[in-house]
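Two complexes come next, and they have one chain in common, chain A, joined by chain B in the first and chain C in the second.
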Partner chain A sequence: MKRRSIWSWLWIVIGMLYFILPLYSTFDFSLRAKKGVLSFLAYQRVFEDPNFWSTIKFSLVIAIFTIIVSILLVVPTAYWIRLRLPKLRVLVEFISMLPFVVPAIVLVFGLIRVFSGAPFFLTNTYFGTYVLLVAGYVVLALPFVFRSVDTGLAAIDVQSLTEAAQSLGANWPTIIFKVIFPNLRVAIMSSAFLTLATVIGEYTIASFLVGIKSFGPYMSLIGQNKTYESSSLAIISFMITWAFMGMIQLFNRGKADTSALAGAR
Partner chain B sequence: MSSKQTFIQNNKRDAPRARPSSSGWRNWIVVAPFFLFTLLFIVLPSFSLLTRAFLDNNGKFTLLNFAGLFEPSILSAYWVTIRISLATAVGGGLLGFLMAYAVTVGNLPRAVRTGLMTFSGVASNFAGVPLAFAFIATLGRTGLVTLLLKSVLKINLYDQGFNLYSFWGLTLTYMFFQFPLMILVITPALDGLKKEWREASENLGASHSMYLRKVALPILLPSILGSMILLFGNSFGAYATAYSLTGGFINLVTIVIGSQIKGDILYNPGLGYALAIGMVVVMSVMMAIYYFLRRKSERWLRQ
Partner chain C sequence: MAYLSLSNVSKVFGTTTAVEDFNLEVEKGEFVSFLGPSGCGKTTTLRMIGGFEMPTTGVITLDTEDITYQSPNQRNVGMVFQSYALFPNMTIGQNISFGLQARKTPEKEIKKKVDEMLGLVHLEKHIHKYPYQLSGGQQQRIALARALAINPRVLLLDEPLSALDAKIRVELRLEIRRIQQTMGITTIYVTHDQEEALMLSDRVVVMSQGRMEQIGTPAEIYNYPSTEFVAQFVGQLNILPVTQVNKKDGTCVLAGQQVKFDQSFERSISETPRLAIRPEEIQIGIGEGRNTLKGRVETVMFLGAVVRLRVDLGGVMLSADLFNERNITLPRAGDEVVISFPEHSCWLI
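Right, the complex of A and B next:
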């Protein structure tokens, strides 16, 4: 073996240890709920908790709405600036990068200050806070949804597809939903799963808007008074992230460009 | 001349281009929802914080809120946040770079690279509450690694002054999502290093270390610095991980803002807004430097 590859292996092993040790420790800890023996008792307790299911369901529904809204906002816009309004491209790119500059905590601060008062009063009703939550998540997802969709559009010949559809008599909704959307399914699916992975356990925005109704704050609550259950929740949450990222790999065929910078940190 | 020519060409194009009225309101109606959304949920909240930062309790214009940023407790919050971000950006950046270098330039099997990329995608997105739990189970007082060090190496971390719920603990925890992120953003740059450059320098008699110092590093440096700035911003704005790890008992800017949202702990709403705006300013400067560096690196690393 060459000397250089020994160094390569060394760094890989160190990195992998950094990755595996916390997960192994957490898993080990999660099995110790019953004194003296290893058991899945902590998992069983989590799965028997109705709040676990209701919060995860709530966060899933919010995530699905986030995906629908962000795709409906981004795809037509990205398509149109490619086709008709290229001069807007710089502006839209700039906007899609804004969530990097406005951290989640600042975003939720601003959202609450603007929409809790006149003329919106969104935080007065449950529905209003859900709308605000989805909006906040759409903002968080904007950078990677836009980038993913835009790269997807670059790979297809937007101009020809549009002209072909038009000569066959298609109107604009038909073109966007029946021609452009299907051609972007890889981009849409991968940004959808990345959104799912970011939104499902998101804490910052959720804790201020809806509290323990959603999964992130629920986990945090469990962490305050139940030691073993919190470890099993960490493992479950890790599995969920892993599953979603695995789906992206599947759709992208290994071409992973999956960094959610404005995520739930 | 040339503009006239393209005008004629455009007009000569076939029917579909002529069919929708390409001028006027129809063009804008497609992009209107996007701009309306951004206006409502990004621009308006930011501007609301910005204007409130310049108002005192009676709604009059003031600069005192920004002067308040220089109070010792606020300065120390910024200082701790910057130190943690710097430590995790440099530490995570170096480890991530070395790992990415190992799988791109170093002679490792292709499968290692694929595996590493999958792992990086997952780990860079594993943050917040569950990450805090994982590190409590690892390096907390009864964490596995803490206990192992005590029983095997007879080192008691907590007697040595280590505390998971303070600077070093938080830094180690953030590293978990920082170095995978570095791997994701630096790998394309490393892929851009051309084999020919190495061969050329070898033909000219350069040693491997000379090639690294004189060719590879200068080309990669803007990308490395740019990626580290990205990592800096990533931990600068982090809230969930720090909050659930320390229960809010660490003096970070994000944590102070969080407490300010829950109730006016600074006893001055204006200062809270100034704090948030200060954060946006720091992030904007970071992003500006990032874009400048990315421009620089694109000169060499265009694919």
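Right, the complex of A and C next:
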């Protein structure tokens, strides 16, 4: 028993070192911008760079639109499949996994090729390009969003809740926005977080569509030209992601109990 | 014209006929139960009344209005589900007011109705709780209150007590009957529990393989089953092989002993008739004017209120239920006994 416990701890320590060591090394390196002393000089330079703020703001706005479009698209689709077309679930699940198989480079070239000519001409305007960027990210986020929402739907009795609401006189918008969405809150928040994390750091699609307007290409550019700042940017990017994760956890914890499953157990 | 009417209703799923040529007329304020085994079509029929399934053929009318193809949210029909289906994100008060809000009822009226409904199910103190904070029985009472809050034209209950334990089930079925009678609401109740159906209903519809086998009051269903299926499904029944059937005299031979059977009402009899008799009709000992048979006790099973004997009549096994008393003298396995039962208690099927 004791021997097993030692082995368990050994694997946990190895696992933690695997994740923490590179992060620690990066952090340590980011503090060495000033020769011979540890300082936050690299961080100061990053924060003083107006491009940092503009790119992160741009990526955040794009991420928010991506989340809204993804959820409005996926929640009703996954709900309808569970309710009325359960046989299609396997097919839709397969389609939602395609972004894992199709490389982002192929996706962005496809988007540019199809939407730069007649009848769409989306790449001719900034707005059109942003629409294309959000559309690309919706595809990229599809596996996380669909999986998360589908798992959330599996945890509630979709059919009975829908029929109960119908028998009480509710129409479809009322059912979706007052019954289904609130009961998927945790699933939606998880998928929103994963989408946010994906979009913030995404490089390939952003660099081909909007270049260094976006945070991913900006990080790459800094990485090519400024040694210490690139490490500090990596740490900042981690901190942003963790901050969002913490906020979501906090939000969920406050209301988690209210969505606990009721019904026959 | 009846308040709720189903005429020639059928439902086909692919190649499976779930409900076949179903006809039913329910009067206002009546409590009707659909009773049958799993897959007999009782829930499908209920769902067609609720609008959750569309009939393949037939017409459903409610209060002279044809509702056959109306969507569920236009029917004003309340539904209570086996799984309660309370909205987990809403408090008890919000659950009950949901249907009223969907109807855009004024806030003041909603509050009054919620209080009234909570009073009806004796759960006034739980208005601000969430469903998961209540027991199964309490959740089902809230589900009932929620369905009743909208003043439905018909209340549909789909095996509402199946997920509850035995004691709560008995309590709640009394409560359902009390509320139904208080409100005088037309109710359709689906169950596979015969005791529930017999206790609650004004009339019982016994279903098998998508068809209505018999409809009648609980006493009619139990005492005068019209088919072998009903006789076997509702209550316990001995079905015994007989020979030398004389329909004219109303006699046959059971295990070499002559028996007189009931011919007072018409029943369908199969090509190879058998004698049907309920175990509780049988007594130990000779009774004047009764069929009397000799046999040997095989087993004695104590079931609480009832003691069940298995009696071998000479190759034919028969069950007899004796009501338990403190000073009852029971035969033992291997004892030779004489059993008797009245002529009117047995019939040919």
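By our rule, the second predicted complex is superposed on the first by the 242 of 265 C-alpha atoms of A that agree within 3 Å, B and C clash if a C-alpha of one lies under 4 Å from a C-alpha of the other, contacts with A are read in each partner's own complex, and residues count from 1 in each chain.
Following the convention adopted for this analysis, a residue touches a chain if its C-beta (ideal position, glycine included) is under 8 Å from a C-beta of that chain, and two chains touch if they have at least 3 such contacts.
Owing to the predicted nature of the structure, the values given are computational and were not obtained by experimental measurement.
Peer 1: Considering only touches as defined above, state whether A:I68 meets chain B (first), chain C (second), both or neither.
Peer 2: Touch status of A:I68: no partner.
Peer 1: After superposition on the shared chain, which partner residues are touched by A:T174: those of chain B (first), chain C (second), both, or neither?
Peer 2: second
Peer 1: In the superposed arrangement, which partner chain does A:N183 touch: chain B (first), chain C (second), both, or neither?
Peer 2: A:N183 sits against chain C, while chain B stays out of touch.
Peer 1: Look at A:L250 in the shared chain and tell me whether it touches chain B only, chain C only, both, or neither; answer first, second, both or neither.
Peer 2: It touches nothing on chain B or chain C.
Peer 1: Scan A:E163 for contacts with chain B and chain C and give back first, second, both or neither.
Peer 2: both
Peer 1: For chain A, what residues appear in both contact lists, the one with chain B and the one with chain C?
Peer 2: Residues 163, 166-167, 257-261, 263-265 of chain A touch both chain B and chain C.
Peer 1: Which of the residues in chain B end up touching chain A in this complex?
Peer 2: 14-17, 19-20, 22, 27, 30-31, 33-34, 37-38, 40-42, 44-46, 48-49, 52, 95-96, 98-99, 101-103, 106-108, 112, 114, 116-138, 143-145, 175-177, 179-181, 184-185, 208, 230, 233-241, 243-244, 247, 254, 257-258, 260-262, 272, 276, 279-280, 283-284, 287
Peer 1: With touch defined as at the start, can you tell me which chain A residues reach chain B in the complex?
Peer 2: 2, 4-5, 7-9, 11-12, 14-16, 18-19, 21-26, 28-30, 72-74, 76-77, 79-81, 84-85, 88, 92, 95, 97-114, 135-136, 138-139, 162-163, 166-167, 172, 194, 197-198, 201-204, 208, 216, 219-220, 223-224, 230-231, 233-234, 237-238, 241-242, 245-246, 248-249, 254, 256-261, 263-265
Peer 1: Considering the complex alone, what residue numbers of chain A touch chain C?
Peer 2: The touching residues are 156-157, 160-161, 163-171, 174, 178-179, 182-183, 185, 257-265.
Peer 1: Which bits of chain C are touching chain A when the two form their complex?
Peer 2: By the definition above, chain C touches chain A via 50-52, 71-79, 81-89, 98-99, 102-103, 130-132, 134, 136, 139, 143, 146-147, 150, 156, 163.
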